[in-house]
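Structure record follows, encoded as structure tokens.
Labels run A, B, C, D, E and F following the written order; every chain starts at residue 1.
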Amino acid sequence: MRFAAFGEVMLRLTPPESFLLDQTNELRMDYTGTGVNIMANLAQFNYETFLVTVLPDNRLGQVAKSALMKYGIRPNLLHFAHQHIGSYFAENGFGQRPTQVTYQNRHHSSFGVSDSTAYDFEAVVEGSDLIHICGISLSLTNDTRNAAHELAKKAAQAGKKVCFDFNFRPSLNTEPNKFDFMKKQYEMILPYCDIVFGSTRDLTELLQMEKVASEEALIREFMENYQVECFAGTKRTSEKNQKQLQGFLYNRTEQVVSQRHELTILDRIGAGDAYAAGILAGYAESWPIVETVEFATMNAVLAHTIHGDVPLTTKEQVLTVLKNPGIDLLR
Amino acid sequence: MRFAAFGEVMLRLTPPESFLLDQTNELRMDYTGTGVNIMANLAQFNYETFLVTVLPDNRLGQVAKSALMKYGIRPNLLHFAHQHIGSYFAENGFGQRPTQVTYQNRHHSSFGVSDSTAYDFEAVVEGSDLIHICGISLSLTNDTRNAAHELAKKAAQAGKKVCFDFNFRPSLNTEPNKFDFMKKQYEMILPYCDIVFGSTRDLTELLQMEKVASEEALIREFMENYQVECFAGTKRTSEKNQKQLQGFLYNRTEQVVSQRHELTILDRIGAGDAYAAGILAGYAESWPIVETVEFATMNAVLAHTIHGDVPLTTKEQVLTVLKNPGIDLLR
Amino acid sequence: MRFAAFGEVMLRLTPPESFLLDQTNELRMDYTGTGVNIMANLAQFNYETFLVTVLPDNRLGQVAKSALMKYGIRPNLLHFAHQHIGSYFAENGFGQRPTQVTYQNRHHSSFGVSDSTAYDFEAVVEGSDLIHICGISLSLTNDTRNAAHELAKKAAQAGKKVCFDFNFRPSLNTEPNKFDFMKKQYEMILPYCDIVFGSTRDLTELLQMEKVASEEALIREFMENYQVECFAGTKRTSEKNQKQLQGFLYNRTEQVVSQRHELTILDRIGAGDAYAAGILAGYAESWPIVETVEFATMNAVLAHTIHGDVPLTTKEQVLTVLKNPGIDLLR
Amino acid sequence: MRFAAFGEVMLRLTPPESFLLDQTNELRMDYTGTGVNIMANLAQFNYETFLVTVLPDNRLGQVAKSALMKYGIRPNLLHFAHQHIGSYFAENGFGQRPTQVTYQNRHHSSFGVSDSTAYDFEAVVEGSDLIHICGISLSLTNDTRNAAHELAKKAAQAGKKVCFDFNFRPSLNTEPNKFDFMKKQYEMILPYCDIVFGSTRDLTELLQMEKVASEEALIREFMENYQVECFAGTKRTSEKNQKQLQGFLYNRTEQVVSQRHELTILDRIGAGDAYAAGILAGYAESWPIVETVEFATMNAVLAHTIHGDVPLTTKEQVLTVLKNPGIDLLR
Amino acid sequence: MRFAAFGEVMLRLTPPESFLLDQTNELRMDYTGTGVNIMANLAQFNYETFLVTVLPDNRLGQVAKSALMKYGIRPNLLHFAHQHIGSYFAENGFGQRPTQVTYQNRHHSSFGVSDSTAYDFEAVVEGSDLIHICGISLSLTNDTRNAAHELAKKAAQAGKKVCFDFNFRPSLNTEPNKFDFMKKQYEMILPYCDIVFGSTRDLTELLQMEKVASEEALIREFMENYQVECFAGTKRTSEKNQKQLQGFLYNRTEQVVSQRHELTILDRIGAGDAYAAGILAGYAESWPIVETVEFATMNAVLAHTIHGDVPLTTKEQVLTVLKNPGIDLLR
Amino acid sequence: MRFAAFGEVMLRLTPPESFLLDQTNELRMDYTGTGVNIMANLAQFNYETFLVTVLPDNRLGQVAKSALMKYGIRPNLLHFAHQHIGSYFAENGFGQRPTQVTYQNRHHSSFGVSDSTAYDFEAVVEGSDLIHICGISLSLTNDTRNAAHELAKKAAQAGKKVCFDFNFRPSLNTEPNKFDFMKKQYEMILPYCDIVFGSTRDLTELLQMEKVASEEALIREFMENYQVECFAGTKRTSEKNQKQLQGFLYNRTEQVVSQRHELTILDRIGAGDAYAAGILAGYAESWPIVETVEFATMNAVLAHTIHGDVPLTTKEQVLTVLKNPGIDLLR
């Protein structure tokens, strides 16, 4: 299966060793984003993957391209225009201190100011079997929103699988009336989508579906409404200071919840993308739903133990840890 | 409220990533000390703060001054004389391995060899509303001891609040008869003090007060004896390998103990100073005593999650974590 | 003399050890800009200095403020609004390989989107004796241009010295008709200016003054036209691979050219600002014009030997090197 | 007691801060190996220690020698020949992610291609009281195997104590018939050995002794068979994600099991060697068997809290932690 | 034009900042080799490039693959087998101190033990227009030698351009009779070669051609003998401590020598490969021979100013420096 | 020949990459001092060397000991007492910016407060053939002065060679009458000395010998006066910004001046000690005086190209560079 993702490449800047920004002059530079994370992980799983985006037409664009190629993402669908890249500073948390993210320059980035005319969506649709679209594109700018809608439609019409990730951030949508506007955008894109990542909160709070008897019924109703083939996500819980993670997956006929895993967190960001990559791998291989969800959840657990938001796990590594719980040395 | 602290600026040298000194050639340089820590944290809380000290009249003094200004401490009351700065090497512990501190050159530092004539205490008293004096000044040298006594007296006479921190280290006072001598020094300074940080152990072991029925009675007796307005401190406990922290605060009419928090420790040093800064913020704002102690304790908990001994928390950050227990990502 | 500068604070990101951006994940973070550089250097020279700017109202703004305070710049005239900071990546050159600068996000930065209403120019004018305005403010956005004009006018009307730096970058002004527009902006601000930094090229190419018999005549004509008190700048020359620097300074009655110094370059950026700071120090102290220009030129020479664009020289250091040419060890 | 160890010096290359090899260009270089680890730790305990090995006759051999001398290992029995050193890359695990070791070039290293003629075993036997031989020498190459056998025999004949460490790695012995061949090698060397480190698994799986009623009976039978004076080892257990360690020690008349300690793991590798060094220290000092095993186990616990596989604990440090459980700050 | 190179990928380990190996524990990891260097540079020049090699079938092979993809080299012709990678330690020189290279494990690397059966040379020949073979393959092992011969033959027979690089290192060929043997190997491969990189010393010392009247005549005779289309190389000269570089290029009808450039050296290794890449770019574009040699020489000059042996120059960068001598800042 | 040196071990703290102390939080830690430098270099030359000093009886003393052992200096004559080590901060210069050294805590270091009773000078004299005493011991404290005198006397009386290094620093001797006092100290120790390092300035300014017709006559008179066997030193000159170095050596019958070498300076400190080590190597081997001085001078030239003040050259390396001027790559 060949995968493509439409989304923003962001420059992530992280102080070393959990230092705060005022404690060090040193930053680690990474290139990241939901699409990057999922495509990079699927490339590690040995799938052919592409990113559909616009990078700055300058040194930063070249450097970002190098970084994507290093992850194994093919550069064929990258475009280079304008001069800016969105970025974020991540001050990694530790213990009770939360990770602090500060975004910069997303609306005026090369991606943010590019509409559908910047891309060759025919080539995207032709060259891939499954296309991932991140919900953030719907919030970011008019240009990214319109491009996302157009790509979803074209992909669906061409009979390609469309994968969509809610990723709704109330904090990015605080203008008046923005919420209703956003609700409509989500309702517009969902009919084109086959695989959706989200939470019941997305269904009740964003889509404003009524809370029904059970979570299951709610999800089934949502899947019915939009003819969604798979709905999946994770739940984060916490006992004392111990964080935990659990994945769930619904397909047309079955549903399953994974074991609950305790988290040891080296880097908080990107675990959801690792979960999505795991689900997509299971989908591509038609693994049984239980295997898929356990694989995806362990992939997300391991993503917490890897610096940065790009999950660099391989299938073999995930399976080894699933088969040998507690293993701490491989040689 | 304007705060000033009288105390030593020390150069802290720390190997990276919990390495031992014999494992690396790399050291991190920080400028620290009880007064620095508290004033820096109060500056983060947006108070006007000053440090009253003598720094070397050379490159190290200039560099220390830059570091203090970066923390937001105003340089107006810094003096520059002599050539040496006290320092310590901190080999950060990990798990069962304790943090190992090795002091260097404290007695002959610019601060250690400066008596009250080196300072302009009138300006100190006039320019600040609360003056913090660290008990270590009483132990360090004759010069620092006499300066501390003189400043306490002048501040009290001018009607300014005097805040005192026991900080008694038996290991710094091992000469014969030194203990009795030190007891007298503490007894001499306490009558000038309004806010005192310490533990019941300081009362029974250093001041040699008799153990009475309850801890509470002991503290009330102490506060009575010296007409102390507030007495506060923390208690460190441990279950298996899990360390815990709890704060307490007595004012003239009330007393309160905070929740017990589990500690996740990135850096062991400076948490007591964070607690003190939290208490002083509550004092400055006349917060209710319960709010004050919970704020101060969480501030100390967070200080354990920050490298170095200077607590770089803001009020907003402490309140966010108090209101959202378990929160691990802010964006 | 108290100095204030109106200008942008930029985040500079530099790979270590002359690495290219594709060779490392590590970046050094510095806060810089023409105003920052000159005010920081004058603070090192023990003058009271202020920066008049708008920083983001988030973690980056706080971190930038810390950095400015560390340089000794007083934070009183800093404002915090909006969410973005301009930045640039500097890939340091080596030998024949030029330093490569890539700008990001300057037009939409907190500074770029702030007009004169964001500032308290009355306080600026009252609190300082000389106000520096960088020509880049005229190019950046409408908002910064209007604010610059307003500040220049207010300062001049209040009888304060206005210092202006051409800093014209054709590459920032490539839109059609932009050149003529910019010419007018410069012509509008110059009548308010007392001290101007630039080159004869600025006079002939930007102001389109006619080339006359001698460089001297040209400069005298310019100074006459706009009633400029001082005009100063540097000339960079090159013999084989050996770069050289020479400073010049005209006041109302005299003119002088410095010795020509060979450059050893650790960091190419910021030397012009060091020259300006040196000239301003001489102006503040009413040094003889020859001393002033030799001091400023050596300050610029030394700025090439210091990482980053903020010149961290002290007066003593510059004078020591002037008095002891070839000195390579101080202890 | 003077100790010597026969074994390979390996170059360990480790990415910083738990990064994966594809995430960083930076590696930490250490010189390590079972013999190095034990001799270095015993040198920290103030014993005279030697390593008997062949290092490359080039810069890497010189650098390795410097590293060994830094640990306090005497260089007298080092030989320099050939051009290669074995190495391994250690990608440090974190949480559920296991540490990944990748070996390089062990069979063709200077040590791997050196047989007994490369050494002066007479000098080894004469200059030391106890000689440690690592079981890996039996697996590595014909040359190292023959040298190990010869040294064991010579040492035993000279009445010196021989200490042997099973260290059997099935993964290093996967050729057909290799297992039976290896079994014979172990059976050949054991009669010369006085102190043996291993596990009951080594007895049942490698030596193929029959499982008997109790672990104790099995070990006693093994000790009887080969006239072994001491048999010792550790057991790693795990509750949820919490790893634990326990040591055991049998001498001719007694046997003891240590307390079970929870592990906080900074570096997974080398803890077994720390345990061995602790047992050997107790042996050298004729400490009671309980004290010996508690000391050795705590030494192993602390080794997990130190970067690298060389345990840099001192006796005082181990005893301090044993006497003050939970201590987290020494000053 | 599509390029492929047959050759070894080596792991280069370099201490930072010109430190010696005994002064630091930190090493920089890069993946390099003549083929890597040339293909990476041509990929920077926007050509489609491939490397034909065998990498270890373990983590190091994966990491090396990532590194090659980051350079823009396509991974299609990479093979994964065996467990080892050749490596070298480079202690970068400074001033009079020469760079010291220490090789490790080249003969037993995955590349070194792979013969032609490990490759799909048909695919190589089909997928590329020009195939580069490095002379080191002839020296390394029987397997690499035979593979090189076979590939050269197949490529020539298929009418593809074969590019060969003498790269003869006497120090790698010190066994008795090895020299004569090597001479024959070079004589065997040269008839298949169209473009050859070398020096007159290679012709007189290795091929033992007689010195004739002029260098030119010698080269023309060599080109005649083997029907070589182009012969190119560089000459390094030195005046006092100032190193200089000059390139030359002969094609069938013309010959040209470049300007002599002074070198500023950040990294001594890889400049010859940059020269080769420059010549190949000119060849691909059919640039006039003078332009080609000036481009290639400046590319080599710039390669000295870039860390590591992989030249990361772009065509634009080289042309910019050629057109603007002395330029030191681009923004 | 076995060498011992009496002198202070200092902790050197150096910011990386020529940063100023206010630009970085990172420092490199090295253990250094004239005695350390010379003994370390002679150990690199394969001589048996010892340092006679007192180190702190704490972690810093242990770490310093490890560092000395790493250099190959034998630890047998190290003593451990008191708690402090002298240190210095070196801000490495670049181009016209001089290296700035800031000393800390030398007078109260473990070495500074130790008199002859802290040492076993009998063992020193017995265990070595040549004993080096640094003139700084005469300036530092009464204790170090008296110890130096006593050791010089004992060594001379036992017929061992005494080597003395003027190393007079006016800046360390600024108290009133200190100069005359110091002159007497030098006059007292010189009669015991066989090999003396210094300059003619030491003879005229410190010993106040009258300037005579020629430098040669002055030195001969000095050697006569104190029956000195060898007198040696270096002269630093400068043409424009190009520094140069030249060595000289007088023995009883001959005198020689080396070639003048241009310096490329990575680290300014320690070159004089490298020269001394080179002279002592030639003395130990009875090399002809010309060879000795050329070797020593090249050793000093190379010391400028190595970080830190400990010259880590080997004999082979020095000879290679002498024989192959301009060589820049060894493999």
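Quick notes
In this section, contacts are C-beta pairs under 8 Å (C-beta built on N, C-alpha and C of every residue); 3 or more make two chains touch, one makes a residue touch a chain.
Small disclaimer: the values here were computed from a predicted structure and weren't measured.
Shared contact partners of subunit B and subunit F, listed by label: A, C, D, E.
Interface comparison, C-D against B-D: more C-beta pairs in contact at B-D.
A centroid comparison over C-alpha atoms places E as the chain most distant from subunit B.
When chain centres are set by their Cα atoms, the one at the greatest distance from subunit D is C. Inter-chain centre distance (subunit C to subunit F, centres taken as mean C-alpha positions): 45 Å.
Rounded to a whole number, the gap between the C-alpha centres of subunit B and subunit C is 41 angstrom. Multi-chain contact residues of subunit C (touching two or more other chains): 17, 22-25, 66, 70, 100, 102-103, 265. Judged by the touch criterion defined above, the protein chains are all mutually in contact, each touching every other. The part of subunit B that touches subunit E in the complex is made up of residues 23-25. Across the interface of their complex, subunit F is touched by residues 13, 21-22, 24-30, 58-60, 62-63, 66, 83-85, 87, 89, 91, 100, 102-105, 107-108 of subunit B.
Interface residues of subunit F, counted against subunit D in their complex, comprise 66-67, 69-72.
For subunit A in complex with subunit D, the residues that touch the partner chain are 16-17, 70, 261-266, 298, 301-302, 304-308, 312, 317, 320-321, 326-331.
Put simply, subunit F touches subunit C in their complex at residues 17-20, 22-23, 88, 93-103, 169, 171, 238, 240-241, 243, 265, 268-269.
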